[in-house]
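Supplied in structure tokens, the structure appears directly below.
Labels run A, B, C and D following the written order; every chain starts at residue 1.
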Amino acid sequence: YVPEILTSTIEQLDEAFCAARSDPAFWAEYVRIMGEYSCRPTPLTYAENLTRHFGGARIYIKREDLNHTGAHKANNVMGQGLLVRRMGKKRVIAETGAGQHGVATATMAARCGFSCTIYMGALDVMRQRPNVFWMERLGARVVAVNEGSRILKDAINEALRDWVTNMDDTHYVLGTACGPHPFPEMVAWFQSIIGREAREQIQRLTGSLPKRIYACVGGGSNACGIFLPFIDDDVELVGVEAGGRGVATGQHASRLSAPGAAVGVAQGYKTFFLQDGDGQMRETHSVAAGLDYVGVSPILADLHRQGRVRFESATDTEVVQALELTMRAEGLIPALESSHAFVQAFKEAPRMSPDESIIINQSGRGDKDIFTVADAFQDPAWRDFITDTARRYANA
Amino acid sequence: MLEHYLRERLREKGILLMTHIVLGYPDFETSMNIVASMVAAGVDMMELQIPFSEPIADGPVILHANQRSLAAGSSVRRCLDFGREAAARFPIPFLFMSYYNILYRFGVERFASVIKDSGLQGTIVPDLPPEEGAEYMQAMQKHGLNPIFIFSPASSEARLAYVASCARGFVYCVARKGVTGRETRFSDQMDAYLARCRRATNLPLAVGFGVKDRRDVDFLRGRADIAVIGSQTIRLVDEHGPGAVGDFIAGLR
Amino acid sequence: YVPEILTSTIEQLDEAFCAARSDPAFWAEYVRIMGEYSCRPTPLTYAENLTRHFGGARIYIKREDLNHTGAHKANNVMGQGLLVRRMGKKRVIAETGAGQHGVATATMAARCGFSCTIYMGALDVMRQRPNVFWMERLGARVVAVNEGSRILKDAINEALRDWVTNMDDTHYVLGTACGPHPFPEMVAWFQSIIGREAREQIQRLTGSLPKRIYACVGGGSNACGIFLPFIDDDVELVGVEAGGRGVATGQHASRLSAPGAAVGVAQGYKTFFLQDGDGQMRETHSVAAGLDYVGVSPILADLHRQGRVRFESATDTEVVQALELTMRAEGLIPALESSHAFVQAFKEAPRMSPDESIIINQSGRGDKDIFTVADAFQDPAWRDFITDTARRYANA
Amino acid sequence: MLEHYLRERLREKGILLMTHIVLGYPDFETSMNIVASMVAAGVDMMELQIPFSEPIADGPVILHANQRSLAAGSSVRRCLDFGREAAARFPIPFLFMSYYNILYRFGVERFASVIKDSGLQGTIVPDLPPEEGAEYMQAMQKHGLNPIFIFSPASSEARLAYVASCARGFVYCVARKGVTGRETRFSDQMDAYLARCRRATNLPLAVGFGVKDRRDVDFLRGRADIAVIGSQTIRLVDEHGPGAVGDFIAGLR
């Protein structure tokens, strides 16, 4: 579902991807780089205090927050960076919503020596200024997209528009397991490093497979990444979407766990989209910018259809509570996105047996979210700090 | 039959003109006035874009027109009614142009049925390559409509041949990489590209993306059959009002 | 050099530390926890682009920035946390300057179930609000110290005052290799995990030891940590202090690399302090809050005396330049503190041979420093963002 | 000899009073007036604190006095001169109190020589435990001065004995954990502690940290030899001016 002009570019990418996938040396090189540049394998941390607190299943946390740049996004971008080298291209573009994928891509581009342009909705540019700052410092050009709702989906559209113009020397580093083929498969493949590690780690630590695995679902790349290596196992897979202000309010981003979405075609691929009867995309809402997206990975949509992955949603309020508990109990600061997975795990763990274990994928770290989290906690000292800083700037 | 109409028309004119409007931009009444002006100025065919919230193949001008039309409340139903009325009032072929989700949500078969019934000739769906379009092509064929497919300068010979094999009515050749509404250099390279297109199909060739004035149209004369004026008329309406469209079109050839 | 009342507390700590040090199981447990809760061993990253850029020595970077909480501080706090458990205490206190050690201590306290109070100079509280916010969210009480210069050294004094009051149930988690015995040895011992790993990694990657190792020096814990395991090797060790606005201006924190400091006794220990002729401590300055300290580890002062470690200084301006280059060349964001080490390495690498390798200790990550870095880069969009956020708060 | 003086004085009074001021706070002239008032009110001994920038054993009241004195520009030299003048003018023993860095930077031997020459009796250095104080004790001994060491309630019997073995003049018993100037409960526990101190040494015992009024002094009578009034007189000067000191001291016993 892409414009005709991209057909050959996509074919070339698909070929490069298939060649890489069937070349064991490629994966080995990828693993080596992720071990030397980021800190893979990321640990699987036993959450002793949360386990005691809930008195049910043993809770393990997969620590993607420890990755370089602070989230699982690093896996995908470094993988695609290797492919870009194979294809001999010199420029990368990417969309970004919360900014994490943009920072990750800018980082990869700096490391790999590519020129880099990041498309970001103008609203997100305003809200996520720290990430914009770092992208620029890393050498990327950040383009604020003033079209549509001026958020993630509009950034994707604009990145596609760049790509159809510059595909000869440019690769589009799509940030999640969405978009035209082969992006969903490719991103999920790179992210599957999460689940491969977790599968080996949980068996080493507990002697068996987990009962359930929880991951938040925006585009779906961290969920695909941890789920897929367990797909043939007797492990229940639970995806948690953004319930926003409650699915009943319509202000949410629950595509699979709530009845609001329908199959459609947009942004180059077919999946469940939050759309109206005419097929126009709806506004979405989540406290977590990275989950605030109308579409969802077609791989997850398919696993939903098969009943292989169960989908739930967590509201903004529940997310802030789960984050607060996790910080105090374990000294971990999951991203607001990741905190969605914690919400559902916390609901279910108490009703499980101490003989069972569960894994929560902590896809990213939350300290990047200070402006949002401080607002969510309505921290008055933070407000004073910002006000004082603004005053200092005004007087400078 | 659209192809037949185009060939007849081509006997009289060295090159045909197809224009493009975004329905409901700035409102449906103005849209109809623009159609009337264009037809009066001698346009040979028109594409009526049903706005979509995510028009990935369109550049800023058409993109904004899509957004403003949607913001003003235009619906697919209203666009279909507009098409029916235009086809009834004016003696040129009309095509709907939109993104696949609009057809998909409406029901592809139902969409084809409605537009056939409304007297339109076919559709252009820029994000639907033929390999994804089996259901679409079947519905178009069933109703005797023209699925307009797209050649691009990045396509291989094999690809052009494949796309040609699915095409009916004419083929839309995008003049260059990129999205609608940006500058295109009509040069020797374009010459070679259009020659490749010509070899790939016997259908008439329309050329769009960046065609904006008489010089561009003159360049295409003899190299293609239809010049497509898209963003430029929207710019004109934005800047000088719907009244300016007639003279502009009349001056293109 | 501590008040009489602390004598028995310090003795108890010394005994616990000596027992731990002579117990191989303790170190093994420490390594296990750092592997499962943080991401040790942290990688040693080959900086291919910087190496090419300078055309001299092969540059390797020890990635302490990848640690949980974003800096080497995690090592020390988790180690002391284990000791606190051994001693049966239930409360920890700590000083913090930039806030990193405070966040690390609050994190450790949350994980270990200790109550936690963090002393922080009131000026630092104002400047480092993001860290204060996270400490509080992690469950710590943050006390703004309004005494003295209202910075790190005053926070240490206040923590000591708490300790002399509450030592029965309270352990003072000193953040660097300073303070009364056994803190310097103990902190250096926990931090030596950095150098132990780096020693093994560089030999695995290059087949030999590095020619030189660069580390920034505030209190000195990251430097002790990476240096000490190489102390008997033929490896040149280079500590880089804060040159601030230039050592000639007096606005700096160079204790060993410049003539301004003298041996003295304060804050419970004897070392080189920046002080006046009467023995009063001087004001210091650095763009990096974590280096802005009047004293320095007595271990490093001793190695300085022996000539075993060479000391240099880097100015604020040089530091910002080195940070900018490192971001663009490698996609790494060293903390402003760590960037001091990069400055000196960048000065020396070009004059070295490509057959030689050097290690730079990236003690922490710089994205914690956005308020400072954005100011250093005089980023106008950041100022606008802060101003807009303040306006939004005012209107809320 | 200080110990002899104290014993003589103790024959006349049930308990002696030692007071404390921070030199140069709020200024040196006022400091001298306060000394005069205190001596007139019957104080038996005084400690003159040379301010230091990092006074870790002091609570907020004395801490602030240190900072303000330094901010006003007081120097070690000026403090030594003050001590010389006070010792010359008033007939009671004076001690310097400061942190070790002040002595260390001045030169410990030189410091001892100067204060001996000035007529002072010794020094209290709260961050110098005897095991770190070899040079200091040697210098004090050489000049016949009294190094005042400290007992704490956390000290073991062995520790008390060791500290006692290094002490001259008297021993300073800190009444409780913590820093100067906070509330102390003079209770049975204190009784046991002071009994332990008494067993550890034959030297007179001074008790400080939190002694603030007549009731506290009365409690100490018979249990110790010297009550030390520190922060409380500074508070008094802060709130009521130097003139209030005399009456306050006079009312303590």
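Simple rule for what comes next: contacts are C-beta pairs under 8 Å (C-beta built on N, C-alpha and C of every residue); 3 or more make two chains touch, one makes a residue touch a chain.
Values in this document were obtained by computation on a predicted structure and should not be read as measured data.
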item: Farthest-lying chain, centroid of Cα atoms versus that of chain C; value: B
item: Centroid spacing, where centroids are CA-atom means, of chain A and chain C in whole angstrom; value: 32
item: Centroid distance [mean C-alpha coordinates] between chain D and chain C, Å; value: 38
item: Separation of mean Cα positions, chain C and chain B [Å, integer]; value: 65
item: Touch-based graph of the chains, sorted into line, ring, star, complete or other; value: line
item: Pairs of chains satisfying the touch condition; value: A-B, A-C, C-D
item: For the chain A and chain B complex, residues of the former touching the latter; value: 1-9, 147-148, 153, 157, 160-161, 164-168, 262-268, 273, 275, 277-281
item: Contacting residues of chain B [partner chain A, same complex]; value: 52-57, 59-60, 63-64, 67, 70, 75-76, 99-102, 104-106, 126-129, 132, 149-156, 159, 163, 174, 177-179, 182
item: List of chain C residues in touch with chain A within their complex; value: 35-39, 42-46, 49, 63, 66-68, 70, 106-111, 113, 126, 129-130, 132-134, 137-139, 324, 327-333, 367-368, 370-371, 373-374, 377, 379, 381-383, 385-391, 393-394
